[in-house]
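The following pair of complexes shares a single chain, chain A, combined with chain B in the former and chain C in the latter.
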Partner chain A sequence: MPFSKDEDRIDTIGKCCGTTRYVGDLSFDNMLEAVTVRSTVRRGKIKKISLPEMPDGYFCVDASDIPHQNQVTYFQDTCPYFAESEVKYIAQPIMLMVGPDLRKVRRLAQKVQIDYEEIPAIHTLDEALEGTKPPMHNDDNVYFKEDFSYGDIDGAFAGSDEIFETQTRTGYQEHLYLETQGVVAVPETGKMTVYASTQGPHAIRKALGGAFGCDEEYFRIQQMPLGGGFGGKIETPFFLAGHAAFAASKCKQPVRLIYSREEDLLATTKRHPSRIVIRSALDAKGNILGVDIDVVFQAGGYALSCRMVLDTGLKKATGVYHFPAARVLGRAVATNNPMAGAYRGFGGPQTFFAIETHMNALARKFKRDPLQFKADYFIKQGTDTLTGGKYHFHVALPETIKEAARLADYERRKKEQVQHGPILRGIGQALFSFGAPFSLGTNQPLPNRCMGLLKRKDGRVEILSELVDMGQGLHTALRKIVARALKIPIERIIYKDADTDRVPEASITGASMSVVLFGRVLKDAADKLKPRLEEPGEFSVLEKVKQPDHLQWDPVKQQGDPFHSYVWGTVIAQVEVNTLTWQVAARKIWTALDVGTPIDRRIIKGQIDGGTIQGLGYSLLESMPMDAMPASLADYIIPTSLDVPPVESALIANPYPPGPYGAKCVGEPPLIGVGPAIVDAVANACGIELFQLPVSPEYLMQKMANKS
Partner chain B sequence: MVNSHNPYPATLREACMAKQKGAVPYAGGTDFMIRHAKALQTGQCPPFIFLNDLNELQGISNPDNTVRIGALATMAALSVNKEIPGLLSQACNCVGSPALRSAATLGGNICTASPAGDSLPPLYALGAQVEICSPAGRRLMPIRDFISGPGTTTLQSDELLSAVILPVNEFNEFYHHKVSPRVANAITKVSLAVAARIENKRIKKIRMAFGSVGPTIICCPQIEAACTGSSLSELLSAVPELKIMVEKTIKPIDDHRSTAQYRRSIAANLLADCIETFGNP
Partner chain C sequence: MTKLTSFTLNGEFVSTKSALDLRLVDVLRCEFNLTGTKEGCGEGECGACMILLDGHPALSCLMLLGAAKDRDILTIEGLRATQGFAVLSQAFNDAGAVQCGFCTPGMIMTTYALLRDNPNPDDGAIRAAMAGNLCRCTGYSMIVEAVSLAVQRRGETW
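== the complex of A and B ==
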């Protein structure tokens, strides 16, 4: 194995000792504090805004203070920084109150009186599709729609003996990074620096350029250490950066904008709730002839990234299977709810929950062993993708199944008695793959960009890249790759948090593409630097960001290879259901994952453990209504250490030739299979089918009452 | 509003008078900080009086075949103190997280008067009395009369809760179960505390109280009467009827934490579980 030693992450000590300075710890002379004034209604027209008397040195900042356009230009759909005439969700920003004393600013913000003419609001994706309320986007409330298919799907249904249908639903999920959203904007001579907790510093710079109507280089974005991201620091930071920059530009003083936890829960993006109907056309022997999948994602008041999230979700909707024919239709619909956006898994958790739950239910219906039943349809090397591309490399799915089953002693446990007094015990499994897209644009190739290495006078080598370490260990992983290519100790490799004045634009950090795509770019740069390492002076080697050569994608026809690499995995979960209270406790979770060549096993274990726990919360606890957010952690329940079972994991060695030293990705995959595995385990324990996440005790009790 | 008050009163009398003038008593602060979060953020909090210096509110003692628990006893202290009836210790150990239990006080949990207050069902079941002091003196009253509604008590503006008095050796069997959305650090969806005197496999005396299934803690005199005098085997066969009685006695609602239907069904299951636990020790 090329990487036998686990490296200590450079950020660990500061985070453990509390010395790491986050954006909220920054302070500047004459700095003003900002508080966002938000909509208190779901949907309405703003009739009148009455401001309190403003003391000296206190300002309000609204859409009229935006120099050029009130639109976050990162998004192609409408997305204003501040509401002007209408609001589309509770907590939509309307203006900023700014001044030196935060408590006074908050009091002023509370005193802003806004009168609305309310419009009947669309609460759920069902309401959006029913059309009983005035539409909020076009006539049909559909922000984005797309479909993929192959084979003779209509023929499959016409010739079927039976049609098996499932409808699954999943709810919101909050990222709950430890560090809430925050930025500080500091006006300087001929320039403005924005210190931000973000996953995409250059993307913020571009967006600010768009809003100010000026050269984006007027702005310098300094990436600050992130206290967690999980996708939540891609979209929301655009708003904060804009708000703080508009205020700093108006007041000509530094402006700090930090969300309280309540505000962060209420106003920031969440995982898209979903409703997915899967219909299988079956022949008389129970073979699947074709699968028809209808995916609806619930987006919020504005579309944000729903195109991208839905797009990757749809491309994964047929799971680890190649059916004789398949059709996938997806719609992202507008509702007057908190905005949904990017979240670890990027559409995959919803579609994999749907397909695995459908397949497991089918296996139970036919009393077949689920792993054998599913194996008939497995993707193999050379199989076509949903979009007419190919699985070019070895598919290590069977190895992950074998390894997870061995770890879990699955065959033995499966036959164990279910009833233990008031406890029902069950074991379940789910299979998944994780395709990583070329870019956050998901259906566009990577733009022409670069990253590279700076050989410094002192002999150290600095990585010039805007990619963000948000706690996932990326900087350590990339330093390891470069150190290995240069054959020098990792201590000689430097990786600073990005400063857009110093490092070139590459990409937002997300979509699990950093190690596999950009690690390769940095390795290529290091290979070029290697023979010049002893040259004196300071110089840099830049390398173009590119996707692997074997991939073909036609963004117009939406045909070809949808993803550049695939991680394969199996999750097995054992649960206990308490029949007194219908509470479900996960007792143990086993994961086997093919991540290609592991760059750092301890970091990977961290990602697997963390992803599994986040998936556990999504599966059992993180329950909220389809149309509301609790504004308190007393009511948004994530797992505590006492809720978390032992997580045992194993890695399958299946090097991916185009990746750096054969590495693939690990950030998002560990979350994907947890939901369907837990639901399968509960279904086996209780002898019923379940189609909803989270499996709340209330939902389970109701299903059990219907059973008897 | 109090203009210049001493936030650290040295005597109960001083504390009571400050409270009468509008100062808010602050002990562990764990509920207070949540209820006043908005006011804290805008610097508009009422004046506090910190009670920690008041010796009269501290300590656990055993006068006259009772346990007297000072109002400032923390949940953490009550969880481990051997003088405290196990039923109460167990419930106090279910409150929040370790950090929260180290700060939260019994007096605070009682005066918050939430139907989800975790110490309350055991206190009701054990027949606790509360000791109330004011500049005029002290008085005792049963806790079930002290708590008058959700978030309200009969405490007068110049009064403070000073202690809780529990009878001891009245009961010999106990049952406690808290159902919450996760294993720890969560607000109760439904809970049951039962104290019973069982002699020769017969119920001599039983008292039970449900949490989070009504505007206040729900007492069950009819169910207690139905159980008293029965043998354990008679009780076991009466479980179906008793479950129906539970469902009729409690008054759960639908809210963002759970549904009335769930709370009703689980409350009944908990009583059944209690009887099975007593019957099959």
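== the complex of A and C ==
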């Protein structure tokens, strides 16, 4: 194997010591503190705003202080930095209160009196579709709609002997990075520096350029170490950066804006709730002739990135299967809730929960072994994708099933099922794939983006990249790739947190694309630098971001290969159900994952463990009403060290030729299969079918009451 | 009249004129510049602000300055000069227990107190002691493994 040694991460010691400076640890002379004044109603027109008496040195900053455009330009829809005439969700920012003493600023913010004319609000995706409330977006509340199909789906249903239908629902999930959102904006001569906890420094710079109506180079974004991201520091930081920059520009002083946990829970993006109906057309023997999938994602007061999240979820909606015919229809709908956005898995957790739950229920209906039943429809190398492309490389799904079954001693543990008594026990499984990154058009030029290597005078090599280490260990992984390509010790490879004045634009860090795509770009740059390593002086080598040659994608017709590469995986879970409390405890989870060539097994284990437990929280604990946010961690329960079972994992070596040394990705995939595997295990224990995440005690009790 | 609050901070006698109703976490971070103590929730749920108060784990976001009077307070900045910290940080490194790092100082404070009072905790005792420190990155197993490693390596360090 090319990478046999796990490398120590250079960020570890500073993090242990507490010397790593996160954005909230920064302080500047004359720095002001900012607090956001937010909407207290779900939907309404702002009638009147009354400000308290403002002491000297205290300011309020609102839409009138935005130099050019009150719109975050990164998003396709109109998404304002500050609400002006109307509000569309509780906690929508309306203005900022700024001043030297944070406690006084908070008190002033609380004293702002805002009168609203309330409008009947749309609380849930069902209300959005029913149309009983005044519409928020067009006539139908649909922000975005898309469909894919292949085969003769209408013929399949017309010729079927039976139709089997499931409806699954999933709720919000909060990222709950331990470090809340924060930025500090510092005005300097002819420039403004924004220190940010963000997954996309260059994207913030662009957005600020748009809001200020000036050259984006006026802004320098310094990315600070992230106390976790999980996708949650992609969209929300645009707002914080804008707010702090407007205030710093108005007051001509540094402005620090750090969210309290309460604000972070109430106001930031979350995973899209979903409702997915799957109908299978079956013949007399129970074979699937065609599958019709209707996906609805609940977006919030503004569309934000729902188009991309839904689109990605839809392209994965047929799971690891190729049916004789399939149709997938998706809609993202407007509601008066906080905005949903990017979150580890990006639409996949919802659609995989739906398809795996459907397939597992079908297998139970026909009393078939689920893995054998599902195997009839497996994708194989050369199979068409939902979008008419191809699975070009080896599909290691069967190997992951075999390995997970071996790890779990699956056949023996199946016999440990207990369906009577105070504690029920069951085992479940789910299969998944994860396509990443998504393809950009191959029939048109790619945006001019690049990564670079800077050979320094002292012989060390610095990676010039805006890609963010948010805790996942990306910097170490990319340093390993470059060190290997250059054949020099990793200690001589430097990777600093991104400063947009120093590093070129590449991408927001997300979608599990950093190693598989940008790792390859860096390897290519290193191959170019290698023969020049002994040259004196300082110079850099830049390499343009390009897609691998095997891809064909037409973004207009949405046809071709939707993703570059696919990770394949199997999750097996064993659970116990307490019939007094209806609480479910996972006893153990086993995962086998094909990540291509592993770059660093210790880092990968961290991703698998962490993703699995985040998925476990999503499956059992993390409950938010579809229309009301909890304002406290006491009301939003994530797993503690006492809630988590052992996670045993194994990697399948299935190198992906275009990836760096055959690597694929690992950030998002481990979360995807956990929900359906847990639900399958609870179903196995309880002898009923379940269709909802999380499996709360209330939901389970209700289902069991109906059973008896 | 300004009231002076005195306490021991990382082994040194300190005094402050700050208001007694300031939260201790703010006093430590803003006045004494000890930013290794983090605020993750401000409501005593996450443990990122864990300090040792007279040697016992305490949440500095739930304490007011007045409650620190005449007490002994140890933060990560005080702990990191000790040999015990060296063992713990090496174990956290080797087990891959640090990802984003925001929970890490609090985790280490809790671990230090645990191993002082219980030199040989089993998996269950470790998990019970860490239950007040939330981590969203690791899923905890690698942290528990780090603590187990420290148990093996600590000798008579502390």
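Going forward, the second predicted complex is superposed on the first by the 695 of 708 C-alpha atoms of A that agree within 3 Å, B and C clash if a C-alpha of one lies under 4 Å from a C-alpha of the other, contacts with A are read in each partner's own complex, and residues count from 1 in each chain.
Everything below uses one rule, namely that contacts are C-beta pairs under 8 Å (C-beta built on N, C-alpha and C of every residue); 3 or more make two chains touch, one makes a residue touch a chain.
In this text the structure is predicted, and so the values were computed from the model without any measurement.
Of the two partner chains placed by the overlay, only chain B lies in contact with A:701; chain C stays clear of it. Of the two partner chains, chain B is the only one touched by A:583; chain C is not.
A count of residues in chain A touched by chain B and by chain C gives the higher number to C.
Once the two complexes are overlaid on the shared chain, A:284 sits clear of chain B and of chain C alike. After overlaying the two complexes on the shared chain, residue contacts for A:13 are found with chain C alone; chain B is out of touch. Of the two partner chains, chain C is the only one touched by A:178; chain B is not. Of the two partner chains placed by superposition, A:556 touches none, neither chain B nor chain C. By the touch criterion defined above, A:260 reaches both chain B and chain C. Shared-chain residue A:630: touches chain B; no touch with chain C.
Shared-chain residue A:107: touches chain B; no touch with chain C. Residues 260, 262, 632, 634, 639-640, 642 of chain A lie at the contact with chain B in one complex and at the contact with chain C in the other. Touching chain C in their complex are the following residues of chain A: 6, 8-9, 11-22, 24-25, 27, 175-180, 225-230, 260-262, 470-473, 602-603, 605-606, 609-614, 632-634, 638-642, 644, 646-647.
Chain C contributes residues 29-30, 34-43, 45-46, 48, 75-77, 80, 85, 88-89, 92-93, 96, 98-105, 108, 126-128, 130-144 to its touches with chain A in the complex.
Contact residues of chain A toward chain B in the complex are 103-104, 106-107, 110, 260, 262, 422, 580-583, 585, 621, 623, 625, 628, 630, 632, 634-635, 637, 639-640, 642-643, 697-698, 701-702. Residues 34, 37, 41-44, 97, 177, 179, 181-187, 256-259, 261-262, 265-266, 269-270, 273 of chain B are the ones that touch chain A when the two sit in their complex.
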